[in-house]
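Encoded as structure tokens, the structure appears first; notes follow it.
Per-chain numbering from 1; labels A, B, C, D and E assigned in written order.
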Amino acid sequence: MLRNSRTERLVALVLVAPFLAIYLLAFVYPTVQMFRISFTDAPLIGAGRWVGLDNYLRLDNDPMFRRALWNTAYFVLMTVVPGTLIALLIALGVSRLKGRFQAIVLALFFLPYILPVSVVYLIWDWTLNFQFGIAMHVLDWLGIPRVPVFKSRVWFLPAVAGVTIWWTAGFSILLFLAGLRSIPVEIYEAAALDNSTRWTTFRRITWPLLWPITSLVFTIQLILQLKIFDQVYLFSIGGRPNDNMVLVYYVFQKAFQQNQGGRAAAVAVTLFVLVVVVSVLQFQLLRFAERRRR
Amino acid sequence: MNAMAAQRWNFWGGIITALTLVWAILWAFPLYWGVISSLKPDDEVIRPYIELWPETPTLENYISALTTTQIGAWYVNSVAVAVGVTIITIFISMLCGYAISQLRFPGRIVLWWLILASFMVPTSALIINHFVLVANLGLLNSWAGIMLPQLIHPVIIIVYKQFFDQVPKDFREAAVMDNASEFGILFKIYMPMNWGVTTALSIVCFIWTWNAFLWPFLSVTRTEMMTITVGITQVNDAFGVYYARQLSAAVLAGLPVALAYLFFQRRVTEAITLSAGIKG
Amino acid sequence: MAGIALSGVSKHFGAVEVIRDVSLDIQPGELVVFLGPSGSGKTTLLRMIAGLESIDEGTLTIDGVRSENLAPGRRNVAMVFQNYALYPHMTVAENMAFGLRNIRVAPDVIGQRIAEAARILEIEALLQRRPSQLSGGQRQRVAIGRAIVKEPKAFLFDEPLSNLDAALRARTRVELAELHQRLKSTMIYVTHDQVEAMTLADRIVILNNCRIEQMGSPVDVYARPASRFVATFVGSPAMNILPVTVSGSGDRLNARLTDGSLVELPGAPVNMDWRELGVRPESLTVVAEGNETSATATVVERLGERTLVYARLADGTQVTAQDRGLSSVKAGDAVRLKFDTAALHLFAADGSAWHAR
Amino acid sequence: EETVTWWDFLGGGDGVRMKQMISDFNTAHAGKIKIDATTLEWGTPFYAKVQTSAAVGEAPDVMTYHASRIPLAVSQDILEEITAEDMSKMGLSASDFAQTTMGAVTVDGKQYAVPLDTHPIVLYYNRVLLKKAGVLGDDGRPVGMKNKEEFTATLQKLKDAGVEFPLGSVTADGNFMYRTIYSLVCQQGGELLTGNEFLAGDNGKKLANALAVLQGWTKAGLQSTYTDYPATVALFTSGKAAMMINGVWEVPTMTDLAKQGKLFDWGAVEIPVIFDKPCTYADSHSFAIPKNKGKEISPEKRAAVLEVISWMDKHSLFWATAGHIPAYKPVTETAEYKAMEPNATYSTLTANMIFDPKSTKAGVAGPIFDIMSNYFVPTLNGEMDPGEAVKSIKEELNSM
Amino acid sequence: MAGIALSGVSKHFGAVEVIRDVSLDIQPGELVVFLGPSGSGKTTLLRMIAGLESIDEGTLTIDGVRSENLAPGRRNVAMVFQNYALYPHMTVAENMAFGLRNIRVAPDVIGQRIAEAARILEIEALLQRRPSQLSGGQRQRVAIGRAIVKEPKAFLFDEPLSNLDAALRARTRVELAELHQRLKSTMIYVTHDQVEAMTLADRIVILNNCRIEQMGSPVDVYARPASRFVATFVGSPAMNILPVTVSGSGDRLNARLTDGSLVELPGAPVNMDWRELGVRPESLTVVAEGNETSATATVVERLGERTLVYARLADGTQVTAQDRGLSSVKAGDAVRLKFDTAALHLFAADGSAWHAR
């Protein structure tokens, strides 16, 4: 198409400028700063001395950092894979339903997703409350000893992971449903004519055709869950934050509770790099898996 | 499929449907339980047995949540921040998405890759420097301060670009032949043609902002400046059993988004799939 | 090779009746085309035979076996879908093998059958590709291949050509006809394109309004349409239908057109309430001179080997006539039109029809 | 009119009292000074906010502060000094306060806060249940307050009488249990910090003893397990727990509930002597002026702030209805105060109070608190052996 | 009404040449069709006239004004896009008004023009609807209406019918022809469908391989194709092209087919290196008896008014022949084919052609 490139550039500049300004101010600049202060001993606010790699070296034998790293990994493991699978199962169930009925059931599964984390926290803290939670009455009734879910080291992360799955599954369910809807009915009809059983149909048709969505859900979940903070913070209130330490929480603690901006930034950089590496790696891995399938 | 549904898959199909239903009810039960509990008086809340309906329903907890906390102010803050972030984000993202999709200018590819890359970057890693930045700008405890770091949603630009890419170029050319200017094309053709996307993206952006916790929690110290998501974690008012009061505050905080969802269910679900880059 | 018999078959979706009391006998090896306008129930009928829709009433017999309650896979028929429904994540070979593996056919047998089908369809080179790497025509063949390997009792096609472009459609049509000659298998073919039906069918079943309107060979259907509907639906450009008043007696029947001109009707039965005269464009030709109906050409379409002349009679009635080769008639010209009395049709108020031959 | 921005962390029953006092103050100073108060969440969140706010000049003009945390705050340089001149402007003098209290707000001879109260922990009890179990003395106080065996027996009797939780304890939150445990260490004459060493000598053993007692109660089913703060209060007020060890700040919760007729007959006494001598942990709420970076407080505002502090202290008789023991002696010496219940009942314990060690590591939500409380929860609930816990605590504290 | 002249126009995309040295003179009021296979540059040429593509070399004159550097909006031509490009969020009336508002035409003038265009196109009732509420054919008309209101010097159409179904396409084609007769405006129409080209054009420009292959009236192009390419491209089914060896001299030239049979060529020039014989199916007819070429029918397509017989000559060469009406020939039958010597074409190695008439 015939274009007047000078006007076009000018217009482009005008259109891109607002975003670029905010992007530079609220994203690029803080990112650069984060890297910079991670090499200093700055407090949260104010300048610090250049300490080189000191902050990073100290992480190496910082038990709290290790715990944070481990807990984060543990949490990711417990949310991402089961979360994806559960969402898939739910989506498969919901996709069978029709019309209004489907809308209602979907709403039941989806509602948690649109709630603020603090509401989710209050609801589950209440539901699983060790003294008064309804879940404990159910356990009593089943003759199972009560479980102090958010107060014990063993149960805390699994429980928060469970709540997180409950909270975020709606998103994945919708993606899966969109994926399922995009598989033409004819494919299933062809499979039926091909004598395919329910299980074969799932394994040989649905699952492979859903793979791109599955990997998308997986990636989104992974990036999201590595950033875990809100739930752990909230459920730890009046509990055992140090046992439940995760990376972002550690950044928060170092920076905002202990006023060690530089060291916090080093943790933040670690997280930053971790997320980027993991998502790049995972992207490659999934691509590889897909290629092998071909 | 009807014949099959009618015949051999019928039995297992029925079981699966039933299981899905039961599961859905269990899934949503905590929500129900939260709402029901918030309607119970203090002594009922902590009864040691399951009571699916309040014996003496009361709004006392809501009244107390509304009167003893600054929930009104929190609402105003949340609405202001969420609306502000939504409008600004949508607007700048649309402009930027349009430019990247439709215009040729130096640095376009670089910009596009930057935006794609920042999709992966965890903003929560930036809290320290966001805090420093907003503090230096003197914006702590202000709407602008709560909004600023939340204005970066690369995914919205990505979705906009994809949509603008999909507009057949015929429209652009038809408009050019109709003597429309570049801004005319954007605001009179592309923007109105994609109202659906804009609404959908606005809805998700609103939900995200309304639900944001970490940053509002960090950047606000004054109770009256808190957003509702942060505010309700502060409702630990005096006297005895406070669970119901907390839950009533939670219900109040969740209600607007929940209602919005129930009213615009189709739009919201569409919006969510859109935000993941899938066309619904 | 198996016969298929439908008897008194009905179907409704909710309150809407879609198929009403259809009976039909398909001979082994026959290629039957279901032809009808959109919504006439062609697809539904086909899917009922395949087992993808239940049959509300009536019986279905495939190869002598009562089948209305058999699962789709058990009926041993193969279907080629409009958009082919190839499994996008499997190679061509895997697509073909899928159905056979499900019934545990031995791997070497599967290999043989695939090779054989690929040979017939000339898709040997494509076996390791995925559907997305194929052109429309190639996909079409793979879909047929997937059907062939099952060695089914019958092939069911639902508008298999409608996704192809015009040129490819014409070519594939010919290929399909050849394939049928080679395989000699029972085939049911759904289309709403009358050219396809005319060129492919051993027998055409014309569906309209949930019922069978006519059933017969292409020649029959074209030359002796059972009803006004069939007359206008089959043939392109469509048959001219002109309101007439018929008068005269014995062998000397005449039809008076609305513009006043008379058309002779040798041999037409008297004493019927004839309302309309049908004449196909090729039987209404432009002639140089003579005592014929006169009209004004409005649009002239030169198709090369013939020319269509859209014309208006004196009273404004629109007709389509034909001239041979590249006609010199221009829009606006006055033309004389000649009715070929050996190829006229009459339609009565009660729906019955008479054909000059 | 000067507006004084005020932060506190008083969310419980005492918070209501404080709001009342603020409103009274505002009425009394209408047109001159107005307090603009914000209540933040107690503990870590509050102190994290104070710290970050002070660093960016967003801190309030005046705030409540735990005396125990003042050394830490001073080391972070976030508090303004309260000079002698300030004291005299307020019409206060050091002698108006108990020496221990005053000492708690002084670091290296400089005063950094003005104490408002001292708030020990006490034992709340449900007279109805105690009576039912036959463990209510004729004086309306629980029996078995003299030693461990007696008290345990009391608890056991309650249990036998069908009380679900004889003792309600905040066993899910080490921060709160720290107070009880520290009290029990003190009852053995132990201390936390000796010179620069934590849990020196047999202090570790004493801590283990304290933990063992509590763990014993858990194991015997005499104490609520994994109970967080609100649940503990709820257990007690709903009659599920017969006794509760908690701060005096819950007194108003009880009095107000009782006033509404929603509570049983209750009482509060000094915590029992489990070991050798009576000793109770206490802290002090005080007023401090944050040092706002890059934002000098104007003399007028400072004057207003001092007026606020002074007025609050002088009117702290009302504050006493929040359960706390006013720090300002002229108030505690009034007849009105002396007649006040239940304060009078437990006022004897002032003689037996112990404050946190004076260390930059100490204080509410401080490092000691953090480290110890992390081990308390598993130990109290029987997940961990007391000796093991003490070993780890000792290691961690000393490697800080 | 304005003439359009292209002179020595070229265009390339990067290194790829798309239009090479095209010159073309379009008379005011003429309807010119650009016909050619996919990728031949039809669209590109049209867009160059519209101003949507730049012209690399050569000149463009619209109504006497040199225009190759004018902005698209300034050339005062209107374009109807393949998928119409109606603004979906505007009503029909707004769609039409948009272009006029942009050049600040007075509102009452806009109203008048819309009313006038709507009257011509009979879309008065649709003015307040949105494109999504219109049928394909209606959209088509609105797109034309949007062009009409601009009162352009020329209308440019890029395959405007390709999105319509067969029946609607045929009808709309007739309507378009009528519209052109009524408006008498200059129109350029791009298509790759030769039927459309034949039926609509005053003049057909056949593009192939970046160049103009032939330019002439439909009759010309059909009867006297300038090259083998044109011969095979125009006409459906395509002209049979048979390799021949020509022998004889003077008036007595004969072509020997590969199966050995001889075809007379009365009047063909000698001394040319004739390589192929062209004959359209309608000039290669099935005859009952006679000393003609014999063949075996492979597929028989009964189209109603004629029957296409796909046949194989003795040596296997495939030909398409025609029989009149509903033929009784069946696949597998031996048939005799007669060449109509008055309608033969010869093609030489150098690309030149000879036509019997």
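Keep in mind that, in the parts below, a residue touches a chain if its C-beta (ideal position, glycine included) is under 8 Å from a C-beta of that chain, and two chains touch if they have at least 3 such contacts.
Here the structure is a predicted model, which is why all the values come from computation and not from measurement.
**Student:** Measuring between Cα centroids, which chain is at the maximum distance from chain E?
**Tutor:** Greatest centre separation from chain E goes to chain D.
**Student:** Which chain's mean C-alpha position is nearest the mean C-alpha position of the whole protein set?
**Tutor:** B
**Student:** Counting only Cα atoms for the centres, state how far chain B is from chain E in Å.
**Tutor:** 55
**Student:** Between chain C and chain D, what's the gap in Å when you average each chain's C-alpha atoms?
**Tutor:** Taking the average C-alpha coordinate of chain C and of chain D, the gap between them is 92 Å.
**Student:** What's the distance between the Cα centroids of chain B and chain D, rounded to whole Å?
**Tutor:** 40
**Student:** Approximately how many whole Å separate the CA-defined centres of chain C and chain E?
**Tutor:** Once rounded, the distance between the two centres reads 28 Å.
**Student:** By residue number and range, which residues of chain E touch two or more other chains?
**Tutor:** Within chain E, the residues that touch at least two other chains are 51-52, 71-72.
**Student:** Send over the residues of chain A in touch with two or more other chains.
**Tutor:** If we look for residues of chain A contacting two or more partner chains, we find 1, 44-45, 129, 131-132, 189, 192, 237, 256.
**Student:** Scan chain D for residues touching two or more other chains and write them down.
**Tutor:** 41, 52, 55-56, 234, 240
**Student:** Could you list, by residue number, the parts of chain D that touch chain A in their complex?
**Tutor:** These residues of chain D touch chain A: 41, 44, 47-48, 51-52, 55-56, 76, 172-175, 224-229, 231, 234-235, 240, 293, 370-371, 373-374, 377-378, 381, 383.
**Student:** Which of the residues in chain B end up touching chain D in this complex?
**Tutor:** Residues in contact with chain D: 42-43, 46, 131, 135, 140-141, 218, 221-224, 233-234, 236-243.
**Student:** In the complex of these two chains, what residues of chain A are touching chain C?
**Tutor:** Residue list for chain A touching chain C: 184, 186-187, 189-197, 200, 204-205, 208-209, 211, 293-294.
**Student:** For the complex, which residues does chain E have touching chain B?
**Tutor:** So the residues of chain E touching chain B come out as 50-52, 71-73, 77-79, 81-85, 87-90, 98-99, 102-103.
**Student:** Give every residue of chain A touching chain B within the complex, in rising order.
**Tutor:** Listed in rising order, the residues of chain A that touch chain B are 1, 3, 5, 7-9, 11-13, 15-16, 18-20, 22-23, 25-27, 29-31, 33-34, 37, 44-45, 90, 93-94, 96-97, 103, 105-119, 121-124, 126-127, 129, 131-132, 134, 137-138, 166, 170-171, 174-175, 178-179, 185, 188-189, 192, 198, 213, 216, 220, 223, 226-227, 229-230, 234, 237, 248, 251-252, 255-256, 261, 264-265, 268-269, 271-272, 275-276, 279-280.
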